[in-house]
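Next come two complexes built around subunit A: one with subunit B, the other with subunit C.
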Partner chain A sequence: MSIEIRRVTKQFGDFAALKNIDLTVNTGELVALLGPSGSGKTTLLRIMAGLETPDSGEILFHGENATDRSVRDRHVGFVFQHYALFKHMTVFENVAFGLRVRPRSNRPSNEEIRAKVHSLLQLVQLDRMESNYPSQLSGGQRQRVALARALAVEPKMLLLDEPFGALDAKIRQELRLWLRRLHDELHITSVFVTHDQEEALEVADRIVVMNEGRIEQVGTPEEVYDHPVNPFVYHFLGNVNLFHSRVGEGRVKIGPLEIDAPEHAAAQDTPAVAYVRPHDIEIERHKNGQPAIAALIQHIQSVGPVVRLQLNRQDTGQMIEAELSKERYRELGLKAGEVVFIKPRHWTVYQGEGI
Partner chain B sequence: MFAPSGLKIAESVPLNRARTEPAVVRWLLIATALLFLGFFLLTPLIVIFAEALQKGFALYLESFKDPEAWAAIRLTLLTAAIAVPLNLVFGVAAAWAIAKFNFVGKNVLTTLIDLPFAVSPVISGMIFVLLFGMQGWLGPWLQEHEIKIIFAVPGIVLATIFVTFPFVARELIPLMQAQGTEEEEAAIVLGASGWQTFFRITVPNIKWGLLYGVILCNARAMGEFGAVSVVSGHIRGLTNTMPLHVEILYNEYNFVAAFAVASLLALLALVTLAAKRFVEWKSHQPSVGQR
Partner chain C sequence: MVLKQKSILPGFGLALGFTLFYLSFIVLIPLSTLFLRTATLSWGQFWEIITAPRALASYRLSLGASLIAALLNVVFGLLVAWVLVRYSFPGKRIVDGLVDLPFALPTAVGGIALTTIYSGKGWIGQYLEPLGIKVAYAPLGVVVALTFIGLPFVVRTVQPVLEDFHPEFEEAATTLGANRLQIFLRVIFPTLMPALLTGFAMAFARALGEYGSVVFISGNMPMRTEITPLLIMTKLEQFDYAGATALAVVMLAVSFLLLLAINLLQWWSRRRLAAL
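What follows is the complex of A and B.
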């Protein structure tokens, strides 16, 4: 089922939590709402579920206006940030709840409920935990019970609020790959909230970047990562180096370097900032006769496949982060305290002072 | 029992010694507390039973055969049977509203719930006399329609409800606030109706607090003297509750009967304490199903 959000706004007192949101989630998609804390992600998710009413705007389910549809009639699965498991019920009863509260006319029989719950617990790999209480489970297990409980009512869409937020790094990694596989199996339209850009980039089909109640950009992970539409998105999707300068006639000067910015051809000596990701910083031992910025290696972190360098620009003293592969690092034979020459490989230039 | 184990702790955990008072001080504190408890709580309790039984068990039982004593017991039970369920409903509704919704006047409601605790019970009774008494605001109207509230059972029930209404709500508000609304929301998203959510999710989560509040409410409803005394009119066999009956018997120097009825109230207190202990123990047990 597709979800369409049209011009939705939401105020809490004087505070505008959502400002004119437009968004379409296509059938079968896995979409991430990504943004810093307080950007309105949970509010938007709750509006989709019907747990919160928008002040204005519309919500369409499968093309039908569902703005005034009650929570019960929306048939969504919702996984709460802190799971909200029923603590006085066993795992089995938690998962069975949505079936047991159905009106008698379409309530499955006890045997059907048992079969359904068992198959779901198998799906989330908790079949041996059915008579445990939530307090006896680990965080990751609770998470999966919450998911099985939401799936039990065969929802038309699944909404997950920071599904991995409260878990350890390792379990988080496992569970998000597992969620991706589950989604590929079930193909249920899903929206999940996260403030972790890695999580969004790794799991989602499309990412909705939110900030201060607005949508900044919507796109595939590649689109938002490689072509961020503004400095906020650039910042939020990963580490970045900022080179403050001025742009004129499509050229930007960074120290001894001059880079192209054809999209700003009309600008005349305007303040601008060039954004460069750490892995787009090229490092050479020698100048090779071309202009390059001299930088001192301050610190090397070489654990793992990617080596991270902290450099200090010799001309301005600015700190620069660079990443390179282990092979390249060995090839260059870099050591802390050495001076090297750097230049950006890819960059994006935005006018203004940057953020 | 307490002191030796306390000493043992002080020995086995040397770090704690710095914070542990000298033994003399400790013994003094404990002795003071025990003396105090003994004097103000235990002695009266013993006196009640001793006086009630001083002329033998047969005479003790005889006291309850008096129709007026019976009437007092029945009236007390009736009052509690009306006041406690009503306060249960009111307490749950008020606590629910305060803990789970935001509305105008929430602070006023929260303060009002405590009013009966803040006002002297005698004043509470007076309020009802002022409202419903012969000279009261509604007095003439009530008289016209031949409805009797003051110096009759309805007045006693009303006064008791008023005096006891904070117990359940007070117990539930912090509990419900701590639990938030997430579980209820989860239930509704899963398709549960309002009633299903209330009975399957909310009630199980608050049941021990609820029971605790009901126990305290019941004890007060049966034991209330001041407010009931003002509205009762002390009509023997008709508007005397147990506490009022005790007073009358005592004033008539009928000590055995007075203490016999009092012993029932004392028993109620003991049962209440035991039940309260049990509920506390149950609700704090790190049992499954509780977090």
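What follows is the complex of A and C.
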């Protein structure tokens, strides 16, 4: 089922938590709401579920206006950030809850409930835990029970609020890949909230980048990562180096370098910032006759497949972060304390002073 | 809970020893003198005293009224606690403070105040009497007084549990399709059960032993509005110590058994709710 959000706003007292939000989630998609804490992600998710009412705007499910539909009539599966498992019920009873509270006329029989719960517990790989209480489970297991419980009612869409927020790094990694596989299996329209860009980039079909109650950009992971529409998105989706400068007639001067910025052809000597990701910094031992910025290697972190360098620009003293492959690193034979020459491979220029 | 499994915390032996010693001095030894007193009676005499019609009527009233009062307190105490936790309204602090008043007041004062209000000419009594509802000087008055003194127990035991009970649990139940009644019966009530039982047990125990407020409102008519504690007092005033202690032993045994049963029930329901 598709979800459409039209011009939704939400105030809490004087505080505008959501400002004129427009968003469409297509049937079967897995969408991430990504943004810093307090940017309104949870509020938007709760509005989709009907747990919060928008001050203005509309919500359409499958093209039908569902703004005034009650939570129960929306048939959404909601997974809460802190799981909200019923502590006095076993894992089995938690998962069975949504089936047991159905009106008598379409309540499944006990055998049907048992079969359904067992198949769900198998799906989340917890079939041996059915008679445990939530207090006896690990965080990751609780999270999966919460998911099975939400799926039991066969929701038309699944909404997850920071589903892996409270787990440790390794389990997060496992669970998010697992969630992706589960989604590929079930194809249920899903929206999940996260403040972790890596999580969003790795799992989602599309990413909605939010900031201060607004949507900054919507796009596939490649789109938002490679073509961020503004400095905020650039910053939020990974590490970035900022080169403060001025743009004029489509060109930006960074120290001895001059780079193209054709999209700013009209600008005349305007303050601008060039954004360059660490892996887009090219490193050479020699100038090779071309202009390049001299930088001193301060620190090398060479654990893992990617080598991270901390560099110090010789002309301005600015710190630069660079990443290169282990192979290239060996080829160059770099050591801390050496001076190398750097230049950007890809960049994006925004006018203004940057953030 | 931890201590029962294995003593990790230091001083467990000492603490347990002190607890037993303390309970012996404060509770067990004074109460055991009751049994010694009754030992001056033969079994036949003892039986005769404790099964006298006037005694039986007083047990019925004491137990029945205490039970009803404690149950009323469970219902309305839960309501008060709910309102105090879930809603904010002007004067909330004052209402919160009012709850403890029955604790602070000498119970006799409470009894006199209730009698004034509920007697045939009182503020409330004047409207109830024409309807045929007699409160003061009737068994109903006993219930009213016992409800009054027991109110704080349920409120104060349920309140902290409710404060820990986030609306998220109700929201989760709603998204799973439960209606308000189902949410209350299947989610909220079981969570509050241990606290409600504790509050019930305390309110009930307090009501059984209450004397000060009841004597004013009940009218103390033998066979009708006489509670067991009052009957005991009457016997003491007549220097019938053996008779008084015989009744006291019955009260004691009944209270102990009831509290034990409630404790077991509580232990059972708490075990399922092991804290997260």
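By our rule, the second predicted complex is superposed on the first by the 355 of 355 C-alpha atoms of A that agree within 3 Å, B and C clash if a C-alpha of one lies under 4 Å from a C-alpha of the other, contacts with A are read in each partner's own complex, and residues count from 1 in each chain.
To be clear about the criterion, a residue touches a chain if its C-beta (ideal position, glycine included) is under 8 Å from a C-beta of that chain, and two chains touch if they have at least 3 such contacts.
In this text the structure is predicted, and so the values were computed from the model without any measurement.
On the superposed subunit A, the two partners subunit B and subunit C do not both fit; they clash. In the superposition on chain A, A:F12 makes contact with neither subunit B nor subunit C.
The residues of subunit A shared by its contacts with subunit B and with subunit C are 49, 51, 71-72, 76-78, 80, 82, 84, 86-88, 97-98, 101-102, 133-136, 149-150, 152-153. Interface of subunit A with subunit C (complex): residues 49, 51, 71-72, 76-78, 80, 82, 84, 86-88, 97-98, 100-102, 133-136, 149-150, 152-153.
Put simply, subunit C touches subunit A in their complex at residues 166, 168-169, 171-179, 182, 186-187, 190-191, 193, 272-276.
Contacts from subunit A toward subunit B in the complex involve residues 49, 51, 71-72, 75-78, 80, 82, 84-89, 97-98, 101-102, 132-136, 149-150, 152-153. Those residues of subunit B lying in contact with subunit A across their complex are 182-183, 185-193, 196, 200-201, 204-205, 288-291.
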